[in-house]
Each structure stands twice: as structure tokens, then as C-alpha cells.
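Consider the two complexes below, in which chain A is the common component and chain B and chain C are the respective partners.
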Partner chain A sequence: MSLSLLVQALLNGFGLAMAYVLVALGLTLIFSILEIINFAHGEFYMVGAFVAYLAFGVWGLPYVVALLAAIICVAAAGVVAERLVFRHLRGKTLNAFIVSLGLLWVMQAAAQLVFGVQDKSVPSAFSGIVRLSGVVISVERLAVTLAAATLIVALYAFLEHTRTGRAMRATAQDADAAALLGVNIEAVSALGFGVGCGLAGASGALLAPIFSVSPSMGALPVLKAFIIIIIGGMGSLPGAVLGGLLLGALEGVGTLFFSSAAVNLLGFLMVIAVLLLRPRGLLGGT
Partner chain B sequence: MRTGLSVVRVVAALASVAAMAVWTPAAAADKVLPIGVLGPLSGGAAAYGLDTSRAAEMKADEINAAGGLKIGGDVYKIKLIVYDHKASAADAATAANKLVSQDKVKYIIGNTVGATCNAVQTVTEPQKVLFSFMCWGTKNLGPDKPYSFRSLLSQWEVAEPFYRWVKEKHPSIKRIAAISPNDTSGIDTNTAVVKYAKALGFEVVADEYYERGTKDFYPTLTKILALKPDLLDVAAAPAGEAGLILKQARELGFKGAKGWTAGVNPVPMISVAGKEAAEGVWTPANIDVTSEFVSPAVRKFGEAFVARYKEVPGAIAIANYAAFDVITKAMVEAGSLDTDKVLAALTGRPHQTIWGPVVIGGKDTYGIDRQFLYPVVIAEIRDGKLVDLAQVAPIGLKK
Partner chain C sequence: MAPRHAAVSPLLALGLLALAGVVLPLVTRDSYYLDVATTIVMSLLLTMSLRMQISTGQLNMAHISFMGIGAYTSALLAMRAGLSFWLTLWVGALVAAAFAVPIGAIALRLTGPYYFLITFAFSEVARLIFNNFFVDLLGGPSGLVEIPPPRPLLGVAFTGKLEQYCLMLALFLLGAAILVRLEYSRFGLAAGAIRQGELLSATLGVDVLRYKLTAFVLGSAMAGVAGGFFAHSHRVLHSSDFGLEPMVQLVIFTVIGGVGSIWGPVIGTVLMTVASELMRELRHYETLVFGLVLILIMLFLPDGLVSVPSRLVRALARTRARRGAIGVDVAT
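The block that comes next holds the complex of A and B.
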């Protein structure tokens, strides 16, 4: 096997890993603040993709505008979902699981009714291929990686260096104590859910021109997101990034040697190993 | 009193006349024949399911508008019962159970995706429900499944004539790579491609599979393209996924020939792949409803389909329409809805369909004659459109 083939395989795996890390970060943020697992998270990713399809693919708006629109629209949808549905399920894991499954079906069915079931194509936002010593780098995938990385850095800065971000972290650590210190838990929950969904919507909008867009497209990214946060550690931003890179490396390099079914199996075996040996994840807290 | 009785008699007589005026023998004897239709109406394979259900709808409406089916002494209006199984075998089994146990259907006309057909047959065969489908699983037909028919040419009928055509017309092509979904249809399609390509002297450098729902094909394509194939066959990939594979192969620098052995709905594939990536794709399972190689009946069907659904039908739609036609005519000929009697009317002779004459054969491949056989049309995608190039006979039809 040549070095260029190995490098290509690694690039393939890392190329879109950051976009999936965005989905994972949104999921873990929501879990941290509201203590619920949102199984409809993939559908917010799907909504973001459809917003990009409409804004960029159909109405011809600039791609950056479409991306911002996707983030804002999906974040707003997240706030609405939190207010109407999830606020009353804080800490009730089983109820929230069932409700989020219902929301998943509602959102998918609504998308099917509005857009139909056929895959929709979104034009490329960035075209061009760079070839370096036998390695192919898609400009579009590079742009997605940079955009996703920028959003991850922005999220980190928001959580670490803003008052609202600190309030979110305090709520995630101990909601009662945060409330006693004057944090408006309801507002923080709504904002946290909105930000979490907005991250998923951003990922959907970033990947829409690379993949096709369809009502059922949310299943695979949310599955990858679960794998990423289990490996990296629930609630850990650096853990999610590490989990994403590890999963990307496994998928990219693993496919050179094994079938796709075997690579999927390896991914789940990795999850089982982490859960058994280090349940808090590689970088998760105690 | 006498006057009152007279009035009553007159009113009764008038009422009888009025009742007879609205009563017709057909209205009194009209029965409902429920016919099931299954398919993936959502997800990556939705194009197959929509073609299946729409074709059934068109034929059922035609039959009902013409007065229904006269079977024995009764007239039946067809009622379609359509369920979406999302290309999942588990959902297909559930839907089949519902059709047979709750909806009491004895005929299911239309289904796609091999693994789902396997699941449905566990319900239909024991209950002697006649099941016609377009699934491409090899084991979907067999002597142990006498009530099952395939109405669309499968990989076992199209792969050999297709690769024979490639060898004759493009002798510089030596190395083949095939990629399909990792399930019954995909594995069977790749198996047929590999078998016939090797028999014809091609070198098969890659026999790859992916999980349905995959969007990122860079890892698999990197492995395949490193082996330098002359022809990349996206084999059993449905339209959306085939489009993504071709688009991403082009991004990775692939400039060789492209085939789509099992592709049956080119319009959504071209939409996803883009014109450049779809340019030059050869496909033996597709059909251009306006081409010179198709019958006037297919062209007419195509026009009616487009007018009603604003989308161009693929081969699956035509196959299910033909199956519906053949099976309902067999019911009329048998004079019965008993599936054993309809089976006897179906088998052993050719049928006139919108394809032209169709023979139900396939015994050499499946051990039983349950495969609709008609000529293969090989087409190429040029500038976003399907252009028919040649018509060749599958092995079973040649015999």
C-alpha cells in the first residue's frame, strides 16, 4: 500500500469528521443542560439541510447567507421545541426518549409532505480539486472542515468566555445551585436547546451540497454523533473532537482493509470497549 | 277507503318503478377486490416505491373506469391497499401480515428491494397469496415459492447481455469494479455481474458493498479506484446513492466507463450526480419511454404517467403496470379469484403486454418458470437524457 493511499484514506475520514462533531456537540450540550437525550436531533440536522437547499439551491441566495439562515431557523425551531415539548421533561429520561421519538416521526413526515421523498440535489458551494502527490483534496470538503472547526471554536469561546456560556456550564454542572446563584434556568435551557439544534442545523447546511438532501437523512449523522460522544465523553467538547477524529480515522483507513459492514462493526465494538473500560469516555468528566 | 288504497297502490307502483330505474344489475353485483401494493415510499429507494404504486394506481383506475373485472358471474372493482416498508425487511413483514390477515388480500402486485421480498414471502407463500414483485434477490423465485412472480428483468437476465454488449462494442474495457448495497438485492446483483463478467473474460478488480443510507463514498471509492478499473458499475445502487457514487468518483478523478446494471430510475440519479458525472453511464435496465425501441403502448403509458404525476416513469413502473394487466386478465380467464386457478391461467403461455409479448420463463436459473422475459434495451445517459442504443435478448428469451 502506498503512502499516498494511506494519506488519502486519513483525509477521507477526517474530511467530514468535524461536521459530524457539530451534531455531536449539539446533542451533548442538550443532554448536559436538560438531562435528556434528543432522538430527534438528526431531524434538526435535516431541517438545516433543507433550509440550505431552499435558500441556496432554489432561491439562489449566497451560500453564506443560506448557512446563517439554516443556523438561525433551526436554532429558533429548537427553542420552540424546548418551550412546547421538552421543558416539562427535564430529567425524565424515559419520557423524553419517547417524546423525542414521536417528534422524529412528526418532523420526518412533515418534511415528506412538504418536499416529497425523492433525494434533492444542492449545487456545490465551492468547486475544485487540489491534487498533491497523488492525494485528492476536495475544496468543498476542506471548506466544510474549516467552517465546522470555526463553529466549534466559536462554541468553545462562547461557553468559556461569555456570561451566558458560563451560566450554561453552571446549569449543566448543577441546575439547583445555578438557580440559587441567580441563573434563569428556563432561559438557559431554551437557549441551550436552541444552540444545540443550531449546531445540528449548521452541519446539515454544510453537508447539503456534498450529499443529497432527503427527509430521512438525519438517521446516520445522529448515530455517528452518539458514537462520537460515547467515545469522547458526554459533555466534553475536546472529547467530542477527539471522538470524531478517531471515528473518522477508523472509517477512512478501516475501509481500505475491511468491508463497510466490518468497519461499522468495528465502530460499535469501539463503543462497547469504551463503555466497559472507561464509561465516562476518553475525555469525559467523572 | 277504496280511494286511499288506490292512492297507496299508485304510490307503491311509482316507488317500484323509481327503484328499478336506479337499480342496475352491476350495482347490485359490484364487489370489491382488494389488491395489495408494497414498496419503499420513503428513504433512499423511494423512487422504486413510487413507480410501483403509481403504476398500480393507473392500471387499477383504468380497470375500474372500464367497469371493473368480470370474474365468473361477478363484477369486481379494484381497491388498492398500499403500504410503505421503507426498504426494511421487518417493516415489509409487518405490512404483509397486515395485508393478508387484516385486509384479506389474496394478491399483492408490486414490491421492490430484495430483502423485503424475502420477508413478505414468509407470509404470502404459506397463505397461497399470489405475489408479483420487481425485487432482484435470486432466492425470491424458486420451486418452493410457486405463488411468487418477478415482473422486471433481474440481474440474472440483464447482466450477461449487457456485458456481452460492452465486450463487443468497447473491447478496450478489461477491468470491472462493481459496487452495490450490502443486502440481498445488492449481493445478488454483484454476484451476477461478477459471474457473467468473468465468463466473458473481464477481470473483476473490485466486488464491493456499502450499507444502505451511506452518503460518503470517498473511503470505498478510494479503495476501488486504487485498483484502476476501466469500468465502474454502480450495479444495484438505487438512484440517490448511485448518483452520489458517480459524483464522488468524478471528484476523485475517475474518468473511465460507467455502468448501472440494476439502475431503473435515471432522472433522480442524474439530478443527484449532476450532468457531468452522469454523462456516458450505460444502463441495461432502464427505458426511455419515448425511444424507437419501445412499443407504442409504452410510449402512451409514459405520456399518461407524466401527465398525471409530472415525473417520467422508469422500468419498474412499466413492469408493475404489465404485471397488473397480466394477472387481472388471468383472473378473468380463470373465472375465479382462487390463486391456484389464476396460477394455471398465468403459466405455460405467452402474454401480450405493453412490453409486447412476454414469456414467463426462467426455469434454468430459478428451477421454476416465474420470471417475466422480454428484450433488454441498453441505454446511455447523454446530456442528462437517456438515449437507447441497442436491444438484446436475455438468455432465457433466446431459448
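The block that comes next holds the complex of A and C.
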């Protein structure tokens, strides 16, 4: 096999993986702060895609505006969900799981009532391809990857270098201790949930032109996001990026050799192997 | 935990459940009602055994996969080897249990959300195998079809709705009797201790892994029995029958009913199945209403529907105490 084919496969895998990493980062952020697994996270991604569909596809606003609108709207929805529902469920994994399923259905049914069951398509914001010595990349995918990478770096900078970000990390490490030191963990939880959902919304808006937009579109990315954060380590942000790259590589290169079902199977076997050998994930703490 | 609901004698409750099951076909022979009732009784075997596993502190997301293993095993033995349903049903349960031993031993090394996730990964692996691998044997995406119905036994043909309902009811009551016996035994006590404090139980000499593995294997065998019945009554198997969606349904039935009591899943399964049948007319609104109900129940009744009576009693006692003597400490 030629090298360029391998590079092409890797790039194909990485392109989408970066957008999934955004979903995974939100999931892992929410898990680390509230100790709950939010199964409705994919529905926030779906709402982001619908916001982009309305703003960019229907009203014809610039794509960047649509992307920002998706982030803001979905983050706001996340804050509302946290205040109304999830703050009562901190640490109650089983109950939070059921509630997030309920939320998943409510959001899907609401989207279906508003937008109908027909798939919507969003026009491409970017056209053309880039050729680099035999490797072909569409500008659209390149833009998605770059935008996702920018958001990841922005999140990292926010968590590492701002006071609020540090408060968030402190809450994730030990909510009680953080509260004792004067961190307003209620505000931090709401903000963390909002930021996490906002990232999912961004991902939805970025992928909306690539996939079709529908109320049930959240299932696939949330599954990928789960695989990513388990491999990387739940609660670990660098882990989510690493997990995304590994999953992207596996899917990109795997499809050269195996059927897509076999690649999916490999992904889950990788999850099982990681959970057994390093239950806290590759970059997770102890 | 067991004695909390000991006000209702467990045997009496089991007897009432059996009575309700037997009375139903005397009231109606309508095939729709019998269908729904059969589904409920089959789900009950699954949710009660799932709750037994949860009672050791862990949510097994692969429960439905063991139902699938039982279903495919029983169906294939009947189709390929020509064996009788009355044998393959139990072989299916045994095979499900046999798979559960190594998988449980591996998965139970993890706890909490990590156990949840690894069992979920196992269930996806099983579903992908049912759907995409060994297609000649398992039927692939188009499913396994033309599974023979149970053969006549003692002159009774098990092809009608009524006979199948009675069969599933008998299987369920057998399973429920075992589960009730376990709940009010050393096992039930140990399970409660593990759930409330795993580390402490271990230091007090409870063999935590052994109890968890027992619950896992026994629960899987019961799921296998349900699967065997499902295969020969439905007569078609698809991988999606054993996917995330039906699994999530089992978890919802169980948790909404309440995992703190052995009767929680019974309440949850019966009420939720009947409610979703009644709401079928609502179309899109059904999922909307269903989702809202789930959220509200979990927020206001975190211990599930089974906690309603004890909550009412407590609320009544509180108002009575308040009326009786203001200023007396009523916290008990």
C-alpha cells in the first residue's frame, strides 16, 4: 500500500474525530464536575446543528455567525438544564442516567414537533479541495478540523489560565474542598454544564453541512464521544484529545482493511481492553 | 434493606402476583390484552433479575445481551439440531450463564460508572456480532427467521396466545420464587451490605466478588430463559431486539419502580408498559410525555414508585404529630 493512501486514510479519520472530540470534551467536563453521565449530550449536539440550519441554511446569515449562535444557544440550554434538573442529581449516577434518557426523549420529540421528521440538509460553507502530493483534503473538512482544534485550545486556555477555569478544575477534583475554599460550586456547575453543552452545539454546527440534520442525529456522535473519553480517561481533557486521535486513526486506517462493522467492533474491543488494563483511561488520574 | 418492606410478607405478595397472573385470562381472552400481558410477564423476569444484580450495587448494561445469547442458542439448537424447545430453553439459559462467568469475572473488577461502561461495551460487541458476524448461522441484518414454536407437551399445543401466556407466567413465577427466596436470605443481606458499603463489607469478611458474580451469572441465566421464550414465541430474532433501546427500557422500568425493594421492578414494569400502551395514540407526544414523566419521577421520587406508600405514611404521621402537639420534635 502506498504511503499517500495511508496518510489519506489517517486524515479522513482525524477530520471527523476532532469534531467528535468537542462532543467528548463536553461529556467529560460534565462528568468531572457533576459525576453524572449525560446520555442526552448528543441532543445538545443536535440542537446546535438545527441552530446552524436555521441561521445559515434558512436565514442566510454568515456561517461564522451561525456557529457562534449555535454555541451560545446550546450553552444557554445547558445552563437551564443544569439549574432545573441536573444540579439535584450530583453524584447520583443511576438516577441521573434515567433523567438524561428522559431529557433525550423530550428534546428529540420537541425537535420532531418543531422541524418534522424529514432530514434537513445544510449547504456547504466552504468549497474546493486541497492537494498535497497525492493526498486530497476537502476545504470543508479542513475548516471543521481547524475550527474544532481552535475551540479545544480555547477551552484548554480557559481551564488552565482563568480564575473561573481553575475553580472548575478544583470542583472537579473535590467539590466539597472547593466549596470550603470559597468556590461557588453551584455557579461553577451551571457554567461547566453550559460550556460542555456549548462545545457539543459547536460540533453540531460544524458537522451540519457534512451530515444531514435530523432529530435523531445525536446518537452516533455521543457513542463516539463515549468511546473517546473511556480510552482517554473520563474527566481528562488531554485524554479526550488523545482518545479522539486514536479512534480517528483506528477508523481511518481500519476501513482500509475491514468492514465498517468490524471497525466498530474493534472500537468497542479497544474500550474493553483499556477499561481492563487502565480503568481510568490512558491519561486519566488514579 | 430487606426488612424495610417486610410489612408485606414476601410469600403473600408472591401469591398475590401469581393470583393476578392466573385471574387475567379468566377475565379476558382478547389477543391484544394477552399479548401485552405476555410481554409484561417476560419483562418482569428480566427486570426482577436485573434489580437483583443492581442490589449488589451495579448496573449491568449487558443484561439484554444474555437474553440474546439464550434466544439465539435456543433457536439455533431447535432449527439446526432439531431439538425440542423444552430442552433448548434450558440449554439456552445454561449457555447464557456459561458466557456470564468469564464476562462477569472480567467486568466485575470495575465499579461504578466504569462497570456501567464496560458492560455497555460488551453489549455493543454482542449486538454487532449478532448483526454482522457468522451471518450464515445468526442470520445477519435480516434476522433469524422461521424459528419453530414450542412443540406440544402433554397434549397441549403451545402455539396460541393463551398457552404462551401461561407458559411465560409459569417461567416467571419460578424465577420470581427463586429471587424472593434469595432476597430474604443471607444473599439478600450480603447484597444490601455490599451496596451500602462495599469496602466495609469486604473488611467484615463478605466475599464481595463472589456475591456479585453469583448475582451476575444467575441473573444472566434468567435473562437466557426469557430469551428462549422470546425466540420461540416471536419466531423471528433481530440484533436490535437485544440492543441499547430495549436495554434502556429495562433499566427505566426497574429504576422508576425502585431498586430498593424486590417489588419495585414489578410496579415499574406493569405501570410503565400499560402507560406506554395507553399513550400510543399520542404519537410524537408520547415520547415527549414519557420523557417528562421520567424526569419528574426521578426528581420527586428518587427511590422510585415503590416508595410512594412509605412516603405517604410518613407524611401522614408528620401532619398528625403537628396537629397533636406543636413544638414536639417529630423527627424520628
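By definition in this document, the second predicted complex is superposed on the first by the 286 of 286 C-alpha atoms of A that agree within 3 Å, B and C clash if a C-alpha of one lies under 4 Å from a C-alpha of the other, contacts with A are read in each partner's own complex, and residues count from 1 in each chain.
As a working rule, a contact is a pair of C-beta atoms (placed from the backbone, for glycine too) under 8 Å apart; a residue touches a chain by one contact, two chains touch by 3 or more.
Since the model is a prediction, treat every value here as computed from it, not as a measurement.
Student: Per the contact definition in the header, classify A:Val136: touching chain B only (first), chain C only (second), both, or neither.
Tutor: first
Student: Touch test for A:Gln112: chain B only (first), chain C only (second), both, or neither?
Tutor: Both partners, chain B and chain C.
Student: A:Ile98 contacts which: chain B (first), chain C (second), both, neither?
Tutor: Only chain C; A:Ile98 stays clear of chain B.
Student: Tell me which partner A:His88 touches in the superposition: chain B (first), chain C (second), both or neither.
Tutor: second
Student: Have a look at where A:Ala261 lands relative to chain B and chain C in the superposition and call it first, second, both or neither.
Tutor: In the superposed model, A:Ala261 contacts both chain B and chain C.
Student: Report for A:Met217: first if it touches chain B alone, second if chain C alone, otherwise both or neither.
Tutor: Once the two structures are laid over each other on A, A:Met217 reaches chain B alone.
Student: For A:Gln173, is the partner it touches chain B (first), chain C (second), both, or none of the two (neither)?
Tutor: Neither partner.
Student: Once the structures are superposed on A, label A:Thr162 by its partner contacts, choosing first (chain B), second (chain C), both or neither.
Tutor: neither
Student: Which chain A residues are contacted by chain C in one complex and by chain B in the other?
Tutor: 108, 112, 259, 261, 264
Student: Contact residues on chain A for chain C in the complex?
Tutor: Touching chain C from chain A are residues 31, 37, 85, 88-89, 92-95, 97-99, 101-110, 112-113, 226, 230, 234, 259, 261-262, 264-265, 268-269, 271-272, 275-276, 279.
Student: With touch defined as at the start, can you tell me which chain B residues reach chain A in the complex?
Tutor: Residues 41-44, 46-47, 49-50, 86, 182, 208-211, 213-216, 218-220, 222-223, 226, 239-240, 243-244, 251-253, 268, 271-272, 274 of chain B touch chain A in their complex.
Student: Considering only the defined contacts, which chain A positions touch chain B in the complex?
Tutor: Where chain A meets chain B, its residues are 5, 8-9, 12-13, 15-16, 108, 112, 117-121, 129, 131, 136, 138, 207, 210-212, 214-217, 219-220, 251-252, 254-256, 259-261, 263-264.
Student: List the residues on chain C that touch chain A in their complex, please.
Tutor: Counting only chain C, the residues touching chain A are 54, 59, 106, 109-110, 112-114, 116-118, 120-122, 124-125, 128-129, 131-133, 248, 251-252, 255-256, 259, 284-288, 290-295, 298-299, 302.
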